[in-house]
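Some structures to go through are shown next.
Paired with chain B in one complex and with chain C in the other, chain A is shared by the two complexes that follow.
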Partner chain A sequence: MSFPIVLTFLALILVFFLVPGLFISRRLRVSFSLTNIVRFIKIATSKYDDEEERNEKGSTMGEKVKRERHKMPKHVAVILDGNRHWAEKRGLGTSDGHEAGAKRLIENAKDCFAMGTNTISLFAFSTENWERPEDEVNCLMALFETNFKSEMPYFQREKIKISVIGNRSKISESLLSLIGEVEEATKSYEGKHIIIAIDYSGRFDILQACKSLAKKAKDGLIEVEDINEKAMEKELMTKCSEFPNPDLLIRTSGEQRISNFFLWQSAYSELYFPNVLWPDFGEAEYLEALTWYQQRQRRFGRRV
Partner chain B sequence: MAERPGQLRRIGGGISQLLEKICGFSRRCVFRVLSMGPLPNHLAFIMDGNRRYAKKRGLEDGSGHKAGFSALMSMLQYCYELGIKYVTIYAFSIDNFRRKPEEVESLMDLMLEKINSLLEKESIVHQYGIRVYFIGNLALLNDQVRAAAEKVMNATAKNSRVVLLVCIAYNSTDEIVQAVKKSCIEASGNYKHGDTESGIEGMDMEKQEKRIQLVEIEENMQMSVAPDPDILIRSSGETRLSNFLLWQTGNSQLCSPAALWPEIGLRHLVWAILNFQRNYSYLEKRKKQL
Partner chain C sequence: MDLYDPMMHVSSWIRQVGNLGLDLLWRFIHIVVSLWYIVFGIFEAIESYAISLGFDERYNSIDIKKLRCLAVAVDIADARDVANVIELLQWLTTIGVKQVGLYDSQGLLKKSKDLVLATVPGSFLLEENGKNDFSPDEKRIAIEFISSSDNKEAVMKAANILLQRYLKSSPPENDKGENFFTESHLSEALRVVGDNGHVPDLLLVYGPIRSHLGFPAWRLRYTEIVHMGSLKYMRYGSLLKAIHKFTGVRQNYGT
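Showing the complex of A and B:
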C-alpha cells in the first residue's frame, strides 16, 4: 500500500480514539446509543434554527424592545474596538477607520438616548493606547478636538451633559481647554449624559480613589473604619454620574476582554461581545444587544 | 445459572475499566498536543448553574451543589494534569449570604464537609501536592468553617507544586476596600512615625502621600499570592463578572460556555485554552509595549 493511504488510515484511527476522549467524561457516561446521537444532532442543529428565526423577526424586534421599556439599561458602557481592523479590511488607513468610528459614535448616541438610556460611557482612549504609533495617537487627539468643536451645538440643542474622565496630565493644552469649555457649557443639563474616557485606566481610577481617601483620613475628614464600598464609589471618576455602574457593557469586534476599562464599576454589568466591528455597529446591532439584555435574569447573587 | 450475573458484572467492570484507561490515554494525548502551544498560568472559574441543574433534572435542592463539587474535582484534575499552576474558584460570594437562610446553611454544611475531606489521605490535595488558600472576608463565616479553612491552609503551607485559591465569603469590591484600608493605615502609620522622628513634618508628609502607589494596593490584596488570571471561565452562559476578581481580570480572556457547572467537561476547558492560544501572540505584543 502506498504511504499517503497508510498515513490517512493512521490519522483516522487516532481521531477515532481522541475525539470520544473529549466527550466521555468521568461522571456523565453517555452511551453511544441511537437516541443519544439523535439528541446530539438535534441540539447542534437547533442553534441554526434560532438564527433564521431571528432574521425573520428583524422588524418586530424594535417594537418588542420598546414594549419592555422598564427593563432598559440606565447606563450603557461601550468599548469601541475594531476601527483598525475595519480599515484594514477595506484597504484604508487607520485614521480613516477611526474617523468612521467617530461618525458611528455620534449616530449611535442618538439611538441610545431615543431608547431611554440615561448615561452612555465610551472608552475612547486608554492609558495603554499611548504606546501606539505616534501618528495614530496624534490622529486620535485631532479627531477628539474636531468632534468636540463640531458637535457642541448638537450637545447644547439636545441638552446632553458631557463629562470627560481620565488622567489629564498627558493631554495637550488645546484639547484640555476645549474639554473644559464643553464640560462648562453642558454641566447643568440632566437626563442625558455622555461620559468619554480619555487616557483612562480602571486600575488608575481605583488608585486615585484610594489616594484621595487616604488624604481625607490623614486630614481627619473621615475615619479609616468608615472606608467602605460607598466611600470608594464617591471617589471614583464616575462620581460625576447619577448612575455610576453600567448595566450593560458592550465590546465590539468579538474580543472577550475588559482591557482595564471599568473594573470596579462593571461588577454586576451584563457583558455583551458581538463579533461586529465598531464602525459597522448600527441601530440593528444595538437593538439586538438590548433584546439580549432584556432577556437576562439579573440576580446579584440572590435567588430571583 | 447463578454464576452468570456475577460473570456479567465482572465483564462489565472490566469493560468500564478498559474504557477509562482509553479515555485517560486519549486525554493525555490531547494535553500533549495542547502543550505544544502557550499554556495559561492561572485559570479562574465561576461555578454557576448548580441550582438550575438540580431543577432541570428534578432533583432536590442540595444535590445540584453536590454534583457541582464532583464537576469541580474533575476540572481540577484536568487542570493540574495539563500543568496549569494556579486555579481559582468562586465558591461563595458575600452577596450569597442574602439567599434563604436554609440554603445558606446547607451550603455552609456542604463546604465544611468538603473542606474537611481535603485533609484526607486520598484527596486531590495529596495526589497533586496542592497548596490551598482561602481568600475572602473569613470573619463573615461561622467558626467551624473558618477553623477548618485555617487548618487546611496550615496543613498545605509546605506544598509548592500547584496552588488552589478558594474564594469564600469573597467580593472583589470588598477585597479592594480592605486593601485600600490597609494602605491608608500603613500610610497614616508612616505619618505618625514621621512626626515623632524628625521635625521637618511638611516634607515627610509629602513623601508619604506619594508612597501609596499601585504596588502597595496590589501587595495588600489577598489575591497577591497569585499572578493575574489568564482565562476566566463562567459556566451557564451568563456573561457577568458578579464582583469576582475585578482588579485582576482587566486583561484576562473571558469565556462563557453555555453548559451549567455540573455539566462542564474537558471539551470546554480545551476550547477555552485554544481561544487563549489564538490571542496569545497579540496579547504578548501588547504586554511588551507596556
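Showing the complex of A and C:
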C-alpha cells in the first residue's frame, strides 16, 4: 500500500525539482538528459547498496579515490580575516574579536570534517602580524596557548592530527613546548588533519625549502641535478600533509588577495573571497563555498 | 526468522529513500545557488553596460596612478583567441594603464607576442629594468609576456644559482645558509634567469576557474586577485569597475 505512495512522492520530486533544475542550471555536474536522470536515480538509491559495492570491486581504488576527490575538496585552506573589524562593529575590544575567531575556528573545523574534508589549513598568524601592537600580539599568543590546552581532549577524542607550520624562532618557549606536545600526541592520527600556520610566510616557506635542499646537497644526500619542483615540494612545510596543495582557499572579510599564504601551493587552488567576517563564517557560509567549488571546472592549467 | 527478511528489505528501502532524499536536498541547494548566480550575472551585465555608456559618474575619472602594474592571467582556452586579448589590451590603453603582464600557463601569448605588439597601438615590450620612457599623458602600454616557465621552473633555476654559490663558498658544517638564502638573494637570482620580477598590484583572471592559474608565485604576495569570468564575455564596464574597486582598496599588509 505504501509503495505506490512513495513512488508518487519520488515522481513529484522529479517533476517539480530535479527536471527543471537540471534544465535551468547548466552548472550542475550532470547535463540534462533522460540517461543522466535515470543514472542519477540509480546512483543515489544504490550508493551504499552492498550489491553495488560488490559490482564495483572491479574498478581500481585509484579511480574510486579520483571520483570521490573531485566532489569535495580534500584540503581547504582558510585565511582568517576580519576578527578586528568584527569587534569594532560591535564596540568590543580587539581581543574579543580574536576570541570569537578562535571559537569559530573549532566549530568550522568540525563542519569541514563532517563534510568529507581531510585537511584544513588555517592562516592564524603571519610573519607580518608581528608588527601589530604588542598587546594584540600577546593576546594572540595567549589565545593559541589557551586553545591548544583546552582543545587537546577534543583532538584526541576525534583523532585529529595537529601540525603547526611557520618560523618558530620568535615563538615563546611555553608555546613551543605546548605545540610539541600537541603534535606528538596526535602524530599517529590519519584521516583528519588541521595545519595551523603561525608566523608563516609563503616566501619564507620557499626559502626554507631551498635551504633544506642546499643542506642535503652539501651533505651528499641528493645530487644537484635532482633538485627540481618535486624535490622542492617535498621540502615545503606542507610536506606534513597527505594533500599538500589546497583544493579550495577561502579568505573571509571580502579582501581579494592571498597575502603571502601558500604562494607555491595555491597555483591551482579555487579562490573564494566571501564578504563575511571570520567570526561570522559558519556552516551556511561553508556550504556556499562548497557549492561554489563544485560548480567550477578545474583544469589545472591543461585541457581535460 | 520469518520476519527477518521483510524487515531487512524495509530497512534497506528506508535507507535508500533517505539517501535519495538527502541527495536531492543537496542538488536543490545547488539549484538555488545557481539561480542566485544567474540573476546576479544578469544584474552585473546591466550594470556593466551602464558603466560603459558613462551613466555612472564614479567610473568616468579613475585614479589610475595607484595601479602601477597590472597583470592579466588568461585561461589556455581563452588564450587561443588572441583577438580578444588584443581588444582587452586596447581597452587597458584607453583607461590609461601603463604596464601589464600577460600570463597564460602554456605560453601561447608569448608565441603571439609579435602579433600583439604589432596590433595594439602604443604597445611595446617591457624592458628588464622596467623603465618606461614615455610621458604619463601618452597612450602607451608596456607589455610583459609571462608563462608557467616563469613560475616554479624559474624559482628552481634561481634556487640552483643560490645553491651553486652556497656550495662554492665551502660552508662550515653547522652553516644553515642564512647568508645565501634570503628574499633579496632569490629575487636577484630570479632576475638572472630572466624573471623581471615586476610585482603586480592587481591580477585580473579571465577563465572559468577562480584561481591564479599558476601565475609566478614569488610575485603574488599582496596582489589583489579579481576573477573576471571568461574572456569571450568580457565587458569594458566590468573592467572599469574592477580597476575602480582596486583604487579604493586599502591594504594594511598584515600589520
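Observations
Heads up, the rule we're going with is that the second predicted complex is superposed on the first by the 234 of 304 C-alpha atoms of A that agree within 3 Å, B and C clash if a C-alpha of one lies under 4 Å from a C-alpha of the other, contacts with A are read in each partner's own complex, and residues count from 1 in each chain.
Here is the rule we use: a residue touches a chain if its C-beta (ideal position, glycine included) is under 8 Å from a C-beta of that chain, and two chains touch if they have at least 3 such contacts.
The structure displayed is predicted, hence computed values, not measured ones.
In the superposition on chain A, A:126 makes contact with chain C only, while chain B stays out of contact range. When the shared chain is aligned, no partner comes close enough to touch A:79: not chain B, not chain C. When the shared chain is aligned, chain B and chain C each come close enough to touch A:218. By the touch criterion stated above, A:259 is placed in contact with chain B and with chain C alike. By the touch criterion defined above, A:229 lies against chain B and chain C together after alignment on the C-alpha atoms of chain A. In the superposition on chain A, contact of A:269 is made with both chain B and chain C. Of the two partner chains placed around the shared chain by superposition, chain C is the only one that A:295 touches, whereas chain B remains out of contact.
Number of chain A residues touched is higher for C, counting chain B against chain C. When the two complexes are superposed on chain A, the residues of chain A that touch both chain B and chain C are 17-18, 21, 24-25, 27-28, 128, 131, 202-203, 206-207, 210-211, 213-215, 217-218, 224, 227-229, 232, 255-260, 263-264, 266-272, 296, 301-303.
Residue ranges on chain C touching chain A, taken from their complex, read 12, 15-17, 19-20, 23-24, 27-31, 33-35, 37-38, 75-77, 105-106, 148, 151-153, 155-156, 159-160, 162-164, 166-167, 171, 176-177, 180-183, 186, 208-214, 217-218, 220-227, 249, 251, 253-255. The residues of chain A lying in touch with chain C in their complex are 6, 10, 13, 17-18, 21, 24-25, 27-28, 41, 44-49, 126-129, 131-132, 202-203, 206-208, 210-211, 213-215, 217-218, 224, 227-229, 232, 255-260, 263-264, 266-272, 287-288, 291-292, 294-299, 301-303.
On the side of chain B, the complex with chain A involves touching residues 19-20, 22-23, 25-27, 29-30, 51, 67, 70-71, 74, 93-96, 98-100, 103, 172-174, 176-177, 180-181, 183-185, 187-188, 191, 205, 209, 212-214, 217, 238-243, 246-247, 249-256, 262-263, 265-267, 270, 279, 286, 289-290. Residues of chain A that touch chain B in their complex: 14, 17-18, 20-28, 128, 131, 202-203, 206-207, 209-211, 213-215, 217-218, 224, 227-229, 231-232, 255-260, 263-264, 266-273, 296, 300-303.
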